[in-house]
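Each remark here refers to the structure printed beneath this line.
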Amino acid sequence: MNTANALATAATTTLPLRMALTWVLAILALGVAGLARPNSIRLVARTLFAVGALACLGLAVLALGFLLRSQTPEVLILPLGLPDLPFHVRLDTLSAFFLLVLGLVGAGISSFSAGYFRAGEGTAPGLMGLHYHVFLASMGLVMLANDAYLFMVAWETMALSSFFLVVTQHRRGEIRKAGFLYLLMAHLGALCILFCFGLLHGGHWQFTFDAMRAARLAPAAASWTFVLALAGFGAKAGLVPFHVWLPEAHPAAPSPVSAMMSGLMLSTAAYGMVRVTFDLLQGRFWQWGLAMLAVGLFSALYGAIFAGVQTDMKRLLAYSSIENMGIVFSALGLALLFASSNMPLLAALALTAALIHTLNHALFKSLLFLATGSVMHATRQRSLGKLGGLIGRMPWVAGLALLGTLAIAGLPPLNGFVSEWLLLQSFLFTASLPHAFINMLVPLGAAVLALTLALAAYVMVKFYGIVFLGQPRESSLLEAHDANWVERAGLGWLGLACLLIGIMPQLALRLAAPVTAGLVGASVSLDGAFGWIAPVAAQQAAYNGLVLFVGILAIFGVTFLLVRLLAHGRLRRAAAWDCGYRWQTPRMQDSAEGFGQPIRHIFGPFFRMRRHLPAPEDPAPRYEVVIEDRLWRLFYAPLGRAVDWLADAVGVLQSGRLSIYLLFSFATLLLLLVFVL
Amino acid sequence: MTPAALLRQLAQIILALALAPLFAGWIAQCRAWLQNRSAPPLTQPYRMLRKLFAKEVVLADNASPLFRATPYVLFGTMVLAAAIIPSLLTDLPFARVVDAIALIGAFATARVFLSLAAMDIGTAFGTLGARREMMIGFLAEPALLMVFFNAFLLFGSTAFPNLVERYTRHPSLLDPSVLFSAIAFVMVLLAENARIPIDNPATHLELTMVHEAMLLEYSARHLALAEWASSLKLYNYVCIGFALFLPWGIASSTQHGLWVLPVSLAALVCKLLLAGGVLVTIETLSAKLRVFRAPEFLAMAFLLAVLGLLVHLLLGAA
Amino acid sequence: MRTLERPFPGTDTALNILAACLLLISFAMLSRRRTQRLVTLLAWQGMVLFVSTLLVAHSSGRVEMYYSAALTLLLKVIVLPLILHYLINRLGAQWDTETLVNIPAVMLAGLVLVIFAFGLAQPVSVLATTITRHTLGIALAVILLSFLMMITRRKAITQVIGFLAMENGLFFAATSTTYGMPMIIELGIALDVLVGVFILGIFFFQIREQFDSLDLHHLEALKED
Amino acid sequence: MVIEVLLVLTLPVAGAAVLAVLGARRRAATVNTAFSFATLLAAAALVVRVIRHGPVITGHEQFFVDSFNVFLVALTAFVGFTTALFSRPYMRIEQHHGRVSRRRLRLYHSMYQLFMGAMLMALLTNNIGLLWVAMEAATLSTVLLVSLYRTRASLEAAWKYFILCGVGIAQALFGTILLYFAAGKQLGNQGTTALLWTHLDAVKNHLEPRVLGLAFVFLLVGYGTKVGLAPLHNWLPDAHAEGPTPVSAVLSGLLLNVALYAVIRFKVLVAGAIGAALPSHILMAFGLFSALLAAFFLWRQRDIKRLFAYSSIEHMGIITFAFGIGGAVANFAALLHMTVHSLTKSSIFFSAGHASQKAGTQQMDDIRGLMTVSPTIGWGLLLGSLAILGLPPFGVFASEFLILTTAMRLHPWATPVLLLTLGIAFAAIFRRAQPMVFGETNAKRLPHSPALLPVFIHLGLVLLLGLYIPPALAHWFRAAARLIG
């Protein structure tokens, strides 16, 4: 794949790039502006966030224009950075696509935040606004960076600013713990990425991506680079076993921030992986693809299973993020498999699936996190066991959340289904790979994927059913209020995007086409009628979300009319049937634990479970189950213990006795003398 | 799509709507015979539907719009499925735009909506049913998908019409893997349509219910639509089975003329009668499993399907 | 590349003898227990240095070497020992003795060190053009031995004495390999040593008043574990 | 004699004298600051002169300013000034708490100036003998500063500091003698020519390899002790923890740099004589070992000043490692790291000092919730820690970025060690810093308002260096990197 020169040719005009930079700087400026009156909610939240939403929109429009119009890469050198290594920025189709994601979703989140933030959420609003906008801007810079240094700076700034957002309520110990774990993992991941660039760069100040593209590494070095990149970006994406920080950090943050982290920050991980693997390394070996596929699938299944047993709505969503990123990475792995065995078309198919799934995940995951934010504001509750029946109290949020739920469950005709359909299609074609035993393996992969997707549906039914349906489990829920109109606007924006991509998937495909064309030298065919996607050949597989949508609606309407015409519309309200047991209370509804029980039952080996069952004659019967991550005990705890032990061991060197110290320097002296002798 | 094609499409849909309850009735009859009971008339389901449509809806106080919309969604998706699956003929405009995977998606949509509706009222049994239904779903769905994968590997398409036509044109493509996937498919069919050994369609003991438990709160026209939808679902599944494993008699797009449709209709009816018989035999011979055992049953189905794939690839590789 | 004028018969033999004395004294210091004895030995060491410096000065005919010899006499033979004696009396440490463990082992280690030092200095000293070429090994040996002494001592004062012995070794190295460092540097070094000793004097009293003893095992509080 | 050099050298000494006379009047602290400021001005003038007319050699060649030491001189003068600025209220609060008497303050101030003078001398002199004298003087002057509080602990720390560094410096002297001896054969033993670095540098390729090898060992062990390379580092944490905070700041921020500067000067000569391989490998080994060891020590610290003392060892190790790698990029990075480390670390000590004053203890478990009780200290400490941990956009990240990438390219075997070191160091420092900054607190108000201007000046500079390096500085770095080779 000689995409290098194809990508390296830069255009003369750099207007879009300059505009993109301007937007990013504008967002940054908004953050700084908040410091003018750090304690005024009106200025920071109501005004600045709203303006920020507009800025994001501008970014999105710009990226859209670039993807549809010029598509030729543009480079620029900023007068900042190290003396021999100024900041290089570059706008190509790949970065444009992810900027589009950033803009689209960022706009939704910002407008929601404009209505969301209240006084007294821990840190001063101005400071929070600063962190928020720095976070946003640094993600934009990650997409635009064209040299390792700027990339790393933006990358770590992203981690740092999001860390500050995570520890907004730093008075609570567990949140501090979460923040610590988060920043530590982020830093380790960043170090891996740094080392990966260390292998890629060409020695003397050759840190630009163009130079890295040009340098053809030896196979071993290239493989090491890939492994480091997988570790680094995987840690950011929350792939198993580097996922431990994610379910701690995402729930700890305020909901809009959780939305940004889950929806956007994870996408940057995908971006980095694509950039390094497909662009810089030009995906050379199928073994990489296999590794990435395996890791991705395992993470996906793992995330889905753990999401199934959560009892905290934000943790549930966090685990579902792990699942979705796993899906994305498995798609990338598949694309790598195809690309390395010279099947550009199929590679393009898988890559498209990955890109579109990233976009979709960003959309519906942030939508759901924002919805949880509204729920928490309305009810002050996070635990699924204390919610329920909110569809009656907050219809707007419930309706939009339903949209997100159906989308993330991968149901037609919404966007989630589109990407999963594409991915399954690309799985179908793995039989044509030239490696016999991969042909054996991949069907298993497809099976795992199918299982994961079905599990995701289970999880989302649990989430939505327990939070919004049924009867309120707490009396306090009765006076829950719906979100205000600003928040609704944000939610609606995201929901609309979900629906649009669902029924007109070819729009998303058209956006992804230039990216795949640039990276693997092919793109899925966009011919066919309006609203039609037939990635490889129409007689092999085709999908038309629009027709499906219209069809369902039509049948729905016709049935409704017929029923009303032929029968009647009589209806009477009455109490729900209590099975003859008169003393039912809302708390007797099935709980989150109950709903997760089948998963606990089936996937027992995955968990470390501590359960307390009440005895029949308990005066105060109490049921309790604690689910733990086995990996924590298998992997992380021993690591910590090892470090502790070593730290104790080295303490001997500082024994406090001067003669020992003198002995040390004496020994060193003699040793060195022998050495030079 | 030509108006003629549209007409054929419509014809198949209406046929499905008509046949589905009858098929349900036929199964009931077969069962009655096997159990030495006097059988209910074939049109019993129709009578029930009529009765239900006539009744007045009694709705729980806290029922949400979701609850009321669900029956229509169920019905809609099932009709759509009926439109996709070539039961009578392959030249279906709809089938070209919604392939097998999308069909699974449609079924999943129905399932999710039904489960949500069951949770909406907030009675213990509704949620119980929903939970079990979703559990069965997330085990059955992959198995079905694997079955389709296998079909794709054999005939290189996930669009039903192409599947059927290639199959009918050269049966030589048939290989042992089909056997595995066929068994797997039957197991999935039983599970998905709330038949014994997973669920008992005739039970009235709430604790063992799955499908019925979710419909507990429905009444009158809602219930009617739901029942109709479930009979349609069974019919659809059977038709999928025909399309995948014994597609003979389905009119392909190439052959034309008046005599085509009656022939394929006759073939379909025969196959349905046969299928009903087989289904009932299986049901009568097997006992209902405990709910905890259901995963094992479905895991077996899943395994068989994957095994089918591997067998195919092994033979293909060899 | 200058050669030396006025070769002086027997100078190098005398120097070698002095060097041997120096080594002998170091060994003696390694094995002495009484603090005051150590001070005396230190003074003797200074004396030997003074003589050797004179010899070198006379044989090399360098004027500044006489100054440095005088400096040696003043500092190393008179002033420092006096200060130390004064301190010892003020601190009432006349009768302090070290509890040295296992002197033979230390001696043996010392012996190994000497051999090591010779081995080390051998290649270097063949390059030397001064008449005192062979004494570099001895100088190095003296340094290492006093290092060893510092390691083995438990008392503050004795450690300081070891430190000063090391300075002597350095000085001897300077004179023997090259005819001494330039005067300015010599002065600087001498000043530093003097100031150092003064500061140490202050320290002794502070340590004394804090721990009412000069035993170093009081100074082992700051440690990890 | 160039006037600026003269001023830079004499002003601190004069200051020491004046302050010794002036005694412990209330204005002493101000005078101290004033003299430091004057020194800073002189240094600035010197810098301007160098920018204008290039390198300077003066005073019968005894003193010189080249691109390697010019920025170190500026840095030393600058940090000296800011530290004086900080020490003014800090020491007043200490006095208020009754930890130092007014008589001791006299000693403190004059010794502070003397210390500054010694370090500037060590940096500016061209004569390796004078360099030795200056280093020894620096040690002597700080010994009394470390034991300023006259507590048992401080006495012990000072004693260990004195003995270890004294012995070390003695080794260095022997190394210097050997070097002089070797150079004598080229440059003659008349006068001080054979001690002048510039001349030595000119003839370094002809110096006797064997002697140079020996000399390097002794010099490395000698000055390395002051750099704090493990296992010669043992004095460092004690001295930092027990001395007054301003002293810890200058020790960490300046003295280590100066010692390392000396080591590198000699490394240049030795590399010329015996080839770069041996010294490079020794330096790399020392650096890695020190960094790794320091990381594990960091993990177990409970005392805030000890913690950051060990972090200094870690960073010195990293810098030494980078110098060991050699080459344009690595040396550049090492020099940059020297600069940003001393700025960051001293700022951390400033805020750490005030933090422990607030809590009345140096035990980190008892320091809590600075963010709530006084945000400036909290932010200072937090940002400082994050900066020293190598998070962008601070300058430490820039240098670490260059060092790590270069290491990855040239010496991949070092990668696991570096990864381990940085990971553990990050966890160790951050898990301590975070609870100190965040959370609830029980701290009391300070009698005098803390001086945190220096903290934020330093952090601002570090931030600047992360995003933009002034051309002049970059030029010096490049030239020095070429010089070091």
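Worth pointing out:
Chains here go by letter, A, B, C and D, matching the order in which they are written, and residues are numbered from 1 within each.
The working rule: a residue touches a chain if its C-beta (ideal position, glycine included) is under 8 Å from a C-beta of that chain, and two chains touch if they have at least 3 such contacts.
Please read all numbers here as calculations on a predicted model, not as lab measurements.
Listed here as common contacts of chain A and chain C: D. In this assembly, the chain whose C-alpha centre lies farthest from chain D is B.
Chain A has its Cα centroid nearest to the centroid of all protein Cα atoms in the structure.
In this structure, the chain pairs A-B and A-D differ in their number of contacting C-beta pairs, and the larger number is found at A-B. Chain A and chain B have centres, each the mean of its CA atoms, that are 36 Å apart.
Chain B and chain C have Cα centroids separated by 101 Å. For the pair chain B and chain D, the distance between C-alpha centroids works out to 78 Å. Between chain A and chain D the centroid-to-centroid distance comes to 44 Å (mean Cα coordinates, whole Å).
In chain D, the residues that reach two or more other chains under the touch definition are 159-160, 163, 167, 214, 237, 297, 300. In chain B, there is no position where the chain touches two or more neighbouring chains simultaneously. Residue positions of chain C touching 2 or more other chains: 120, 147, 150, 159, 219-222, 224. Inter-chain contacts occur between A-B, A-C, A-D, C-D. Per the touch definition, chain D reaches chain C in the complex via residues 127, 129-130, 132-133, 136-137, 140, 143-144, 147, 150-153, 155-160, 162-163, 166-167, 170, 173-174, 177-178, 180-181, 184-185, 188-192, 195, 208, 210-211, 214, 237-238, 241-242, 297, 300.
On the side of chain A, the complex with chain C involves touching residues 648, 650-659, 662-663, 666, 669-670, 673, 677. By the touch criterion given at the top, residues 79-84, 148-149, 152-153, 156-157, 159-160, 167, 170-171, 173, 176, 179-180, 183-184, 187-188, 191-192, 194-195, 197-199, 201, 203-205, 207, 224, 643-644, 646-651, 653-654, 658, 661-662, 664-665, 668-669, 672-673, 675-676 of chain A touch chain D in their complex. Those residues of chain C whose C-beta lies close enough to touch chain A in the complex are 116, 119-120, 147-148, 150-154, 159, 216-217, 219-225.
On the chain C side of its complex with chain D, the touching residues are 1-2, 120, 123-124, 127-129, 140, 143, 147, 150, 156, 159, 163, 166-167, 170, 173-174, 177-179, 181-182, 184-185, 188-189, 191-192, 195-196, 199-200, 202-203, 206-207, 210-211, 218-222, 224.
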